[in-house]
Every structure is written in structure tokens, then in C-alpha cells.
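The next part holds the structures, each set out as C-alpha cells.
Each of the next two complexes has chain A plus one other chain: chain B in the first, chain C in the second.
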Partner chain A sequence: MWLYLVRRIVLAMVTLALAVALLHVMIRAVPGDPAAIILGPRATAEQRDKLRERMGLDQPFYVQLGIYFVDLAHGDMGVDVMTGRPVSRIVFEQLPYTLVLILTAIAWAAVLGIPLGCYSAIRRNTLADRVSGILSVSVIAIPAFVMSLYSLLLFAVTLKWLPATGAGDGFFNRHLLLPAFAVGVSWVGYLARVVRASMLEVLGETHIRMNRAFGLPEARIVFRYALPLAILPTVTLLGVGMAYLLSGAVFAEIVFARPGIGTLIVNAVGNRNYPIVMGCVVVTTGLFVIATALADVVNALLDPRARESL
Partner chain B sequence: MSNIHRSRIRRNPAAVSIPRRRFLQGTAAAGAFATTLPVSRVAWSAQDNVLRARGRADLDKLDPGFYQNSYNVDVMNCIYSKLIHYKPGRKWGWKLQAAEKIEQVDPTHIRFRLRPGIMFTGGYGEMTSEDVKFSFERVIEHDSPVKGDWGPLDHVEIEDKYTGVIVLKKPFVPLWNITLPYGAGHIVSKKAVMKATGDGGDFGMKPPCFSGPYVLDEWKPNQYAMLKRNKDYTGPDKAEFDEIKVVPMQDEKTAQIAYESGDIDYALVSLSSLDKYEQNPPPHSSIENYPSLFYVWIGMNTDHPKLKDINVRKAIQWAINVPQIMDTVYFGKADAATGIIAPGLVGHRDKSLVPPEGDLDKAREYLKKAGVDGLELTIDTLNASKWKSIAEIVQAQLGQIGIKLQVNVQDSGSFWTLGMESEGDRWKDLQLIVNRFSMAPDPYYATEWFTCEQVGVWNWERFCNKQFDQLNEEAIGETDPDKRGAMYRKMQDMMEESGAYRFITHEATPIMYRNNRMEVAMRPDGNPLYRYFHSV
Partner chain C sequence: MSTREHTQSAQRPPREAGAVLQYWRRLRRDPLGLTGLVLVLVMVGTAVFATWLVPYDPNQILVGPKLSAPSWAHWMGTDQLGRDVFSRVIMGGRIAFEVALASLGGALSVGLLLGLVAGFGPRWLDNGLLLLFDAVRAFPVIIFALAVVTLLGPSLYTVILVVAVTAIPIYARIVRTQTLAIRSNEFILAERSMGAGTPRILAIHILPNVIGPLLILASMDVPLVITLEAGLSFLGMGVRPPTPSWGTVLNDGYNFIRNSPWPVFFGGLPIVVSTLGFTFLGEALRDIFDPKLRRDL
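Showing the complex of A and B:
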């Protein structure tokens, strides 16, 4: 297990380095002068040159990349050229809002989707299963922004039960409910369908049939023997899902005017604010690697076969 | 055996001992939890003496000497003072603020006298002419990106504690319209800034002290800027609100929903929603529409081989039907532009040389004169739907005279360097462009981008006319508004005669606000002057 963790960490660092290098290449391939955008139209050519120099953009590509890696190793992500604040501070100020949003979204989706999937599998081909299937596919098919807008109109504008925008004080409050609902709703459908499919497969396996032959209670068979196996693909899906939710959080943060890393990236890309873009990518890539590694570890804990293969 | 068990599961689905009721109870728990959370209707809504307003973007600079973007200046207006300020209302003008008296002594000298007793917070003492000198001269000394606002400023002479003279190298009329009453005109404390920065340079987002009726209490990036009443403020126009909370919201529709839900009490309205709100405004709300200063136009690169012939450019000018664009993209809520200088400003033209509707027959004539057939062109535009729609309408209109137009959509970072020679050779491929510049209330701010010196910088049409440049130079120093106006009108004629421009609109700025909570104070272009908002 420890060897596995070391391997994952090394792999994570390689992934991170590749992502940063790739992004450096992409940023330079895309037209657009950050100095012109940051300084505005009234700046002179000399002022723009000075800013480019300050941002290190006058250096060759490999030098810029080398400096970035050295700084990163020292925990320095650079300085935001717009506000003069450290990038790490800006990114880590915004990150908790995004993390809270996606974790809440995936948590409520899992709490609802997994039991729904189990129930559908157990009651296969009944009316309840069909209704659950239709609902699951519907929420997958309805774009999340449509759901966001209608939930805003219903709960914030018409009923005035919930605030429409902002993050409020602290992290867990009423402001979180609508965005978490919008981000997580399609995941209820996904999880229900995945759990149902894997549950049906597991329920048909020999050891389950053997349990039944021994006369074990059906609830024990389902929750003690079937669900831990059926949940494995779901755990992997949740790990990867974190990455999708990171990108999905962008729309929620804009529609609900919430702080977060999604809004930060969108603005930074538009402004060609390279230090912020790079800082965000480093952090989100790190998060993605951690999420997938965690999913593998949880898989290993749940399934001895997976543990052996690590 | 396996078949038997499978069929058992199928036949006897109720065999599993999870009662339906318990399942439903369990899965509904999360939903029930959510519905119990909202404790009272609009509990978070404004009930106190707080102005909650939508900001167009998050703050990124609060140093007036290095200001960027008007949304920063909206806040600066509240926390600092300046000699004069824009008069709220529908007509452009200025009023005294920190100055007790200000006068143009001669074309290059402006004498001011400060009101005694305007205090800086943090124990930095009274505002003096030394602070005025420091605030204005640091813009030039530190090579600020907005030093253009101060034009030919030479220095500020101190006569006594409160009196000073702004000395210019040559006459500069825009000083009264865009410098003194706007961003670069704010006065900061010399002592405080020197202490904070060491050299008097940019203090970014950390104002060392304040001199307005409000102070910046808290700035939570991407969440809000909270201004609080400055209890020590002794200047004119005291703070009306205990707090002003400016919440950045990029999306207009989100801001509208936030307004309707009670999260904010002042918001901009999108033109697409204006009709709806005018007919059915939210409770206790007033809707007002202000003409904006922005100018939108279709530009043509006069150096491009396909557009070198003026007849081709004229054909395009005459083929574009502006009212069609106004109806479709601006929902009939903004007016067609006659040039780059908006109504209400010196130099505004009553009508354009090419009528807004254009004339397809005339366009075909020009095209025939040019002797081109089967012309294929490109038009570059920003990736927002409004600009894409304008490009597509122009595409359809030019199609009527046989010009095939391809629309190239660009993201903002890429778009804003398209015509810059310093950014490679893309300017050579640039043909038509949907462009929009922001504007300050002085005609100089509009025309300065179209001089020969600006070719390949911001002048992407590469229009170069020596007479235009000369007029531009002379108009800066012309103190007679009638003569100055005539000069700018002539300059816009020259631009239009070159065939390189088809003026579209100055847009509009509709707003809505809670009239049972406030009386708004707006600039004539619809920019908020929060400092002068009244609490109801």
C-alpha cells in the first residue's frame, strides 16, 4: 500500500509538471498580449514592455518554464499583476468555496443516487424502477444551467426562500443550497444508473446466489455482500467526477455570482493574467490527481482484489 | 440453480426487507432538511440602511493615480475626495467637491483653493495643497498607465496651505471633463502614501487612508466590497447610508435575478429585459434608461488589398442598415450613432453623412465603380452573443450586394490585440471588424485613437489623415466650446468620408433600483455616483 502511495505521488508530480509545461506552451500559442490588456489602452509601448519584463515574458520559453518550476518548488506561484497580491493567496482564498460546492454537490448526489440505484436494482422492472429510470435520464439530459435558472426563479425570485447569489458568511449556509443542487442534480441520475447496473451484475454472481442458498436475509445479502462490490465503479466514477465538477462549478459560480476558482480561471484567461491561470491549473490538477488517487485507495479498501493489484 | 434464483428475484421483488416507507423517508430526508433551512421569507434581504449594489466586476485597483476600469472608480468616488466632481443628472457638468474655489487663470494655469477641514483618516491630518501636488504629480513621475489623463501637466505650485496652481505645458481642455472630476483627479495623503509605499508609487488594493464620506471596511475578493460611513468626514455631502455593499456580478441576468430576489437594490438591466421591466417592474422599483458613451462601429482595414479601393469601403458603408441592427441586437432601446461622439458632448454630430438606413442601390453602384465581383471578406468580432449577432446581420446585409462575409469569433484576449503591429502580423489579415470603445465625457477621448500615430496600435482601420491629426491637436487646447465642437464634427466627417467606418450606436445603460430605499444619483451616461445616492 505504501509503495502504491509513493508511486501515486511520483505520478502526480509528473502529471502536474506535464500539465504546467503544456499550459505554458498553449498560453504562448494563443494570441493576446497580457500587458496590453492589463495596462489598458492608454499605456505606452514602453510601459507595456516594462510590464512584460516584470512578468518575465521577455525571456525564452524554457527559461520561463524553469523559473516557474523553481519558484513552485519554493511554494511561490508568483504575483497577480492586476492587484499585486500573491497568486497562492488568491487561489487558496477562492479554492475552499469551490471545494465546498463540489463536495456538497457530490455528497447529496451520492446520498440520493446510490440508494435510488440500489432500490431500482432490487425492484428491477417494477413501476418504481421505471419511474426512477425516467427521472434519472431526465436529470442527466437537462442541462445544469437550465436547472440553475429555474431553481433560481422558483426558490429565490418567486418563493424567496433562498438567496439567489453570493456565498454569505462562512461556507455552509443557505447560499450553498441552490448552487449545490444545480451542480449535483445530474449526478443523482448518473449515480443511480451506474449503481443499478453494477448492482444487477453483482446480484447475479455466484457468491450472492450461494448466500441466498444458505438462507441469509436479503437485506444482509444486499448491504453486506452485494453493495460493497457494486459500489466500486461508483467510487471510481466519483473520483473522476470531482474533475468534471470542478469544470461544472464554473457555470454555477457565474450564474450564482459565487466566489470560487472557476470564476477566477475564466476571468484570468480573458485577461491573459498568466500567473493566476497557472496557479489555478496547478491547484486543480493537484486536486484531480488527489481525487483519483483517493478513489483508488477507497477501492482498495473495499475490495481486497484491488488491494492486491496495487 | 442460478436461473431459479434470478427468476425468484424477478418474481418476488418484495423479498428484500427494505420497507418502501423507510426508503422514501430516508431519501426524502435531505430534501426535508433543505426546505427547513430558509427560516423566514427574505430574511437576508435589505432591511437596514445599507445600499446593496451590483458591481460589474471585482475590484482590482484602488489607487487613483494608477486606476484601471470604471468599476474601480465607482468605489474611489466614495472613499476619496477630488477638487471637482461630475454633477449627477442628465446633463454633463461639474460641481465643487474638495475645492472651495477653482478657476482657469489662463489657458495653462488653474488656481484652486481647498475647503479647510477635510480630514484624512488614520490620523494623517488635514488635506492640503501639498497633498494635491503630490497626488497629481505622482501620476507623471511614476509613469502611470493613465498619465495620458493629465496630458501636458507640468507641475503644481503651492501658494499656501490650501491654495495651489496647476501648471500645464500647453492648454488642455479635457482636464475639466475627464481628469479633475474622474479617477486621476482624486487626492491622496502624501504622508500616508509615502509611508505605505516608500516611493509614492502604486498602492494597489491597500489604500492607506481615506478622505471621502465612506471608508473601505472590507474587501472580500470575488464576493463584495463593503464601504462604511466615515464618521470623521467633515466635507460636503455627508454619507447617506451606513454601509454600501458592492457585489460583483459579471452576468447581467444573474444581477437581475439577484435584484428580483432582494439580494441587491440597484442593478443594471440588460436591454433584452428592459421592455419586460418597463411594462411590469418589480415592486417598489424604478426603471431608468440612460444613453451611454460607448461607441460601436464596423471598421475596415484600409491597408488590406481587398479594401484599399475606397469604393469598396463606401459600398460596405451604404449596404449596412443600422436600424436593422438596432432593432435586432439592441431591441430598439438604443439609438443609431452619428459618429464616435455621443449626444450631449461637445462635437456630437446631429446626423451622419451616410444615413443610418444606408441604400443598397448606392452600395451596388460603388461596388460597380470598384469593378469587383464575387468579393469575399472576413469580419472579426468578440465572442459574446451581441457582437456575433451584429456580425451576422452585417453578413446578411452585405450578402444582398454580393459580398460574401465570413465571421471570425475571437476571445477577448485575442481580439484586443488583433490590429496591433507589436503582436505579430495578424493586422495584415484584418479586414472588417466589429469594434466598441469605452469613452469618457470629452471628445478628445474618442478621437485620440484614430490619429496616424495610433495606426497599428489602436487605430486598426489604419486611417491616417494629417488634417485630422492637426485638428485633434488644436481641439485639445480650444477653450471656446462652439469652435471646439465644430472641429470634432469635422474630424468625424473625415473619418466617415474615408469609408473606413460605419458608425452603429452609443448603446444605452438601463438601470433599476428600489425606490422605497433610495434616490439614485447618476452620471448622464448611467454610471452610478454612489456617494450622492440618497437614502429614503
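Showing the complex of A and C:
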């Protein structure tokens, strides 16, 4: 297990480092001078030179990359071009809003989706199972940003039940309800489908048949013996799903005018605020890599067979 | 001699229906798949014949009152500049499918090439390519898209490029796995011992085996591309206004959502209809052709 843990962490760090390096290659590959792009067409040559020096653009590529990694290891992601504040502070100020949104969304989706999947598996091929299956595919297919717009239109603008914009005071309040609904609703479908499929698989295994032969009540078989096994694939799904949740959150934040990483990066892209965009990309990519690694580790803890695959 | 011929012709099975016809018969029994097929045909059809279907010039302002509700003259109402939303939605479909076709086509060809190279080339190249694929896949797609927009500026081509670049690793990985599996078969060895070169083996034996699953996966990715194009255009980072796209219609509607709910409603509708259609159809096709392709996400 320890060996697996070490290997998985090293793999995650290598992936992240490669991704950051790739980002730098992309910036280099784009024709034109980043300093000129940031400062706009009205900047003087002197201003450009100064900024280029400050950003380390006058150094060779590998030196730039090395400096960036060393700074990153110290938690330094440069300073914001507009305000001069450290990028890391700006990004980590906004991150909690996005994380709260993502976690709330996935939590309510799990509370609804996992039991729904179990129910469909136990009552397979009934009308309820079919309806739940069709609904699951449908909510998976509808993109989170259309879901955000439609729930804004219905619940906030037309019915006026819930606030349309902002985040309110604190993190958990009425402002969170609509965005969390819009981001999470696809996940009810994903989770229900995955749990249904793996539950069906588990229920067909011999140890479950033995439980039945012993005359255990069906409820005990399902919840005590089948569910812990059937729930395993959702762990991996959640890790990979971090990217989907994040993209849902970006749009939900824009639509509901909430603070968060999505709003931050979209505004920064609009202003061509390179350091902020870079900071957001690195932090979210890091988050994604960590989530996938964490899911693998949890999976390996629960299922010894998975430890051998790395 | 004559008796043998006779028995042979008697035992000949009834002529089998063509493969396409067989698939069609199986699809016909799947109501969800059939619904998907109809929705896809309607959406693709309107996109192809868009220029003949639009009742008004989609960019002409003040063809009707501003922000009006749906009526006989304007089926989906009008937006804040008095443009006909129905015409804009129809023309927006053309943009959506153009992006899907160009980006997935590009991703398929490059992914196929890189996958074959990784699967059939030397070990170091394989490892290098796998690392590169993992690095690209490490970015959340929308964040990657926003980063590329910062670098290249917002345009239709940026959207196409982003979709292609993020999809290439997925396709390449599948091609690589299939190539590796086929490559170790004995008939490839036999072919080699008869003097066939690598290009011949790739073209005649490997390619036909990997292209089918790849096409199904690509068709299932169409909803993702449509969503990404609409999403980026909604954020003002895709198609530039006034070009009509489902995303720009939504963006215009969003800015005036308190004045009229209709542009947002009708801007989102084609996205919902086409993603549902492609998902239903894709799942049905996958079950018919290759159940092993089942992906949970």
C-alpha cells in the first residue's frame, strides 16, 4: 500500500509538472510578445521592456520554466498586472466559493443518485427502472450551463423564489441553492447509472447467492453486503468527474454572478490578465490532478486488487 | 457429381439482409435510439438547409418589435435589437455543426495517426506520446479553453483548435490500445514473414479494425463539442457577435433576461434537443455495434 501511495503521488506530481511545462510551451509558441499583449497597443517600448524583465521573458525558455517551478514550490505565482497583489492570494480568496459550490452539488447528487441507482438495480426492468434510466440519460445530456440558465429563468426570474445573483453572506445560504442544483443535477444521473450497473454486477456474484441461501433478509443483503462493493466505482468516477464539476461551476458562477474561480478566470481572460489566468489554470489543474490521485488512493485502500495496477 | 451440386444448393442459407438493414432493424426496436435519430436528423437537416429555412436575415435588426414574445411573424420572438430569434437559432445550428465536424474530423485524423505511431513505433516514442497525452488530459477542458483564448484571442478557429487538441489524446489512446492488441496476433506475424511492410500492415489490417469504434466514440462526443462551442460563445470567448450562434443568442438573452424570458428559453432549446438526440442515438448505436465500448462518463 505504501509503495502504491508513493508511486501515485510521484505520478501526480509528474503529470502536473508536465502540464505546467506544456502551458509554458504554448505561451512561447504563440506569435507575438506577451508583454505587448498584456500592456495593449498604446504601451511604450520602455514599459514593455520593463514588464518583460519583471516577468523573466528576457531569459531563455528553460530558465523561465525553472524559475517558475521554484517560485511555484514557494507558493509564489507572480503578481497581478492590474492591482499588483500576489496572484496566489487572489486565487485562494476565490477558491473556497468554487469548492463549496462543487461539494454541495456533488453531495446532494450523491444523496439522491446512489439510492436511485440501488432501487433501479433491485427493481430492474420495471417501469420505475426504465423511467429512472431515461431521466438519467437526459440529465446527463443537458449541459450544466443551459441548466443554470434555465433554473435562473424559472426559479429566480419567473417564480422569484430564490435570489438570482451574488453569494450572500457566508457560504451556506439561499444563494447557493440554485447554482448547486444546476451543477449537481447531471450527477444524479451519472451516479444512478454507475451504481445501478455495478449493483447488478455485485448482486449476481456467488457470495450474494450464499447470503440468500442462508435466508438473510433482502434489505440486509443489499445494504450490508452488496452496497459497499457496488459503491466502489463511484469513487473513481468522482475523481475524474472533478473536471466536469469544475466546468459546470465556472458557468454557474458566471450565470448567477457568484464569486469564485470561474468568475475570476473569465474576467481575467477578458482583460488579458496573464498572471491571473495562469494562476487559475495551475490551481484548477492541480486540483484536478489531486482529485484523480485521491480517488485512486481511496480506491486502492478499499480494493486491494487496484493496488497492483500501477 | 450432379447430386453433390444439388445438395449444396439445397443447403444454401436464405440470402442474408445487408448489414445496414440489420442494424436498422435493431435500431427500430429501440424507441430511445429512434427518438435520438429523429432529433439528430431534424437538427442536422435544419443546419444543412439553414439558408433556405430562415424567414429573415438573422443579423437584420428591427425586423420586428424589440424583445417581443413568440408570434406568428416571429416564432421564437425577437431579441433586444429586434432581430428574429428563430432565424438566429437556425443559423446558429450551422455554426455548431461546422465546429463539431471540423474539430472532431481533425481530432480523429491526428488521433488516429498518433495512436498508430504510438502503438506500432519504437518504445521510447510510445512512452513520450503517452506522457504528452497525460499532460494535455490533466487540464480541465473549459479551463484549458479559456487559457488558449487568452493566448490566441476569441474566434471560431480557437474553439475548433481547443476541441481538437483536447480530443486527440482520447482517440489516440484508444487507437494505441487496439493497435497493440492486434499487433501481437499471429496473422500479423504471418503477414510479416511473407514480406509485408509496416505501411501495408497498418493500412490493411490495423486501420479497418480501429476505425469503427473510433467513429462511434466521435459521434458520442458531438454533444460535448456543441456544449463547449455554445458555452464559450456564451462567455463571449467563442464566435464573435453579431454572428449568430446558440451561445451568442443565449448571451444576448441573458443580458435582457428580466425584460423577456424568450431568447434564453429558445437559445437553450436547440442545445438541449441536439445533445439529447446525439446521446440517445449514440448509446443505441454503441449497444448495437460494440457493447464493450460502454463508457461510464
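Everything below uses one rule, namely that the second predicted complex is superposed on the first by the 277 of 310 C-alpha atoms of A that agree within 3 Å, B and C clash if a C-alpha of one lies under 4 Å from a C-alpha of the other, contacts with A are read in each partner's own complex, and residues count from 1 in each chain.
Rule of thumb we're sticking to: contacts are C-beta pairs under 8 Å (C-beta built on N, C-alpha and C of every residue); 3 or more make two chains touch, one makes a residue touch a chain.
All values derive from a computational prediction rather than experimental measurement.
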Exercise. After lining up the shared chain so the two structures overlap, which partner does A:Leu16 touch, if you call chain B first and chain C second: first, second, both or neither?
Worked result: second
Exercise. If you stack the two complexes on chain A, which partner ends up touching A:Gly260: first (chain B), second (chain C), both, or neither?
Worked result: first
Problem set entry | Which partner reaches more residues of chain A (counting touched residues only), chain B or chain C | B
Exercise. Should A:Val289 be classified as contacting the first partner (chain B), the second (chain C), both, or neither?
Worked result: second
For this session: Would you check which partner chain A:Tyr119 touches, where first means chain B only, second means chain C only, and both and neither mean what they say?
Result: first
For this session: Examine A:Val222 and indicate which partner it touches, taking first as chain B and second as chain C; both and neither are also allowed.
Result: first
Exercise. Which of the two partners, first being chain B and second being chain C, lies in contact with A:His74: first, second, both, or neither?
Worked result: neither
Exercise. Thinking of the overlay built on chain A, is A:Arg212 touched by chain B (first), by chain C (second), by both, or by neither?
Worked result: first
For this session: Go through chain A and flag every residue that touches chain B in one model and chain C in the other.
Result: 30, 149, 152-153, 157, 254-255, 269-270, 272
Problem set entry | Of all residues in chain A, those that touch chain C in their complex | 14-16, 18-19, 21-23, 26-27, 30, 134, 137-138, 140-143, 145-146, 149-150, 152-153, 157-158, 190, 193-194, 197, 233, 237, 240-244, 246-247, 250-251, 254-255, 265-266, 268-270, 272, 274, 277-278, 280-281, 284-285, 288-289
Exercise. Which residues, counting only chain B, touch chain A once they are in their complex?
Worked result: 1-2, 5-6, 8-10, 13, 15-18, 20, 23, 26-27, 30, 34-35, 37-38, 41-42, 44-45, 57-58, 60-61, 68-69, 143, 145-149, 202, 204-205, 220-224, 247-251, 254-255, 257-258, 260-264, 411-414, 416-418, 420, 422-424, 426, 437, 449, 457-458
Exercise. Which bits of chain C are touching chain A when the two form their complex?
Worked result: 32, 131-132, 134-136, 138-144, 146-152, 223, 227, 230-231, 234-237, 250, 254, 257-258, 261, 264-265, 268, 271-272, 275-276, 278-280, 283, 296-297
For this session: Over in the complex, which chain A residues touch chain B? Could you list them?
Result: 30-34, 36-43, 45-48, 50, 82-85, 90, 93-94, 108, 111-112, 115-116, 119, 122-126, 128, 149, 152-153, 156-157, 160-168, 174, 177, 181, 203-204, 206, 209, 212-213, 217-219, 222, 254-257, 259-260, 263-264, 267, 269-272
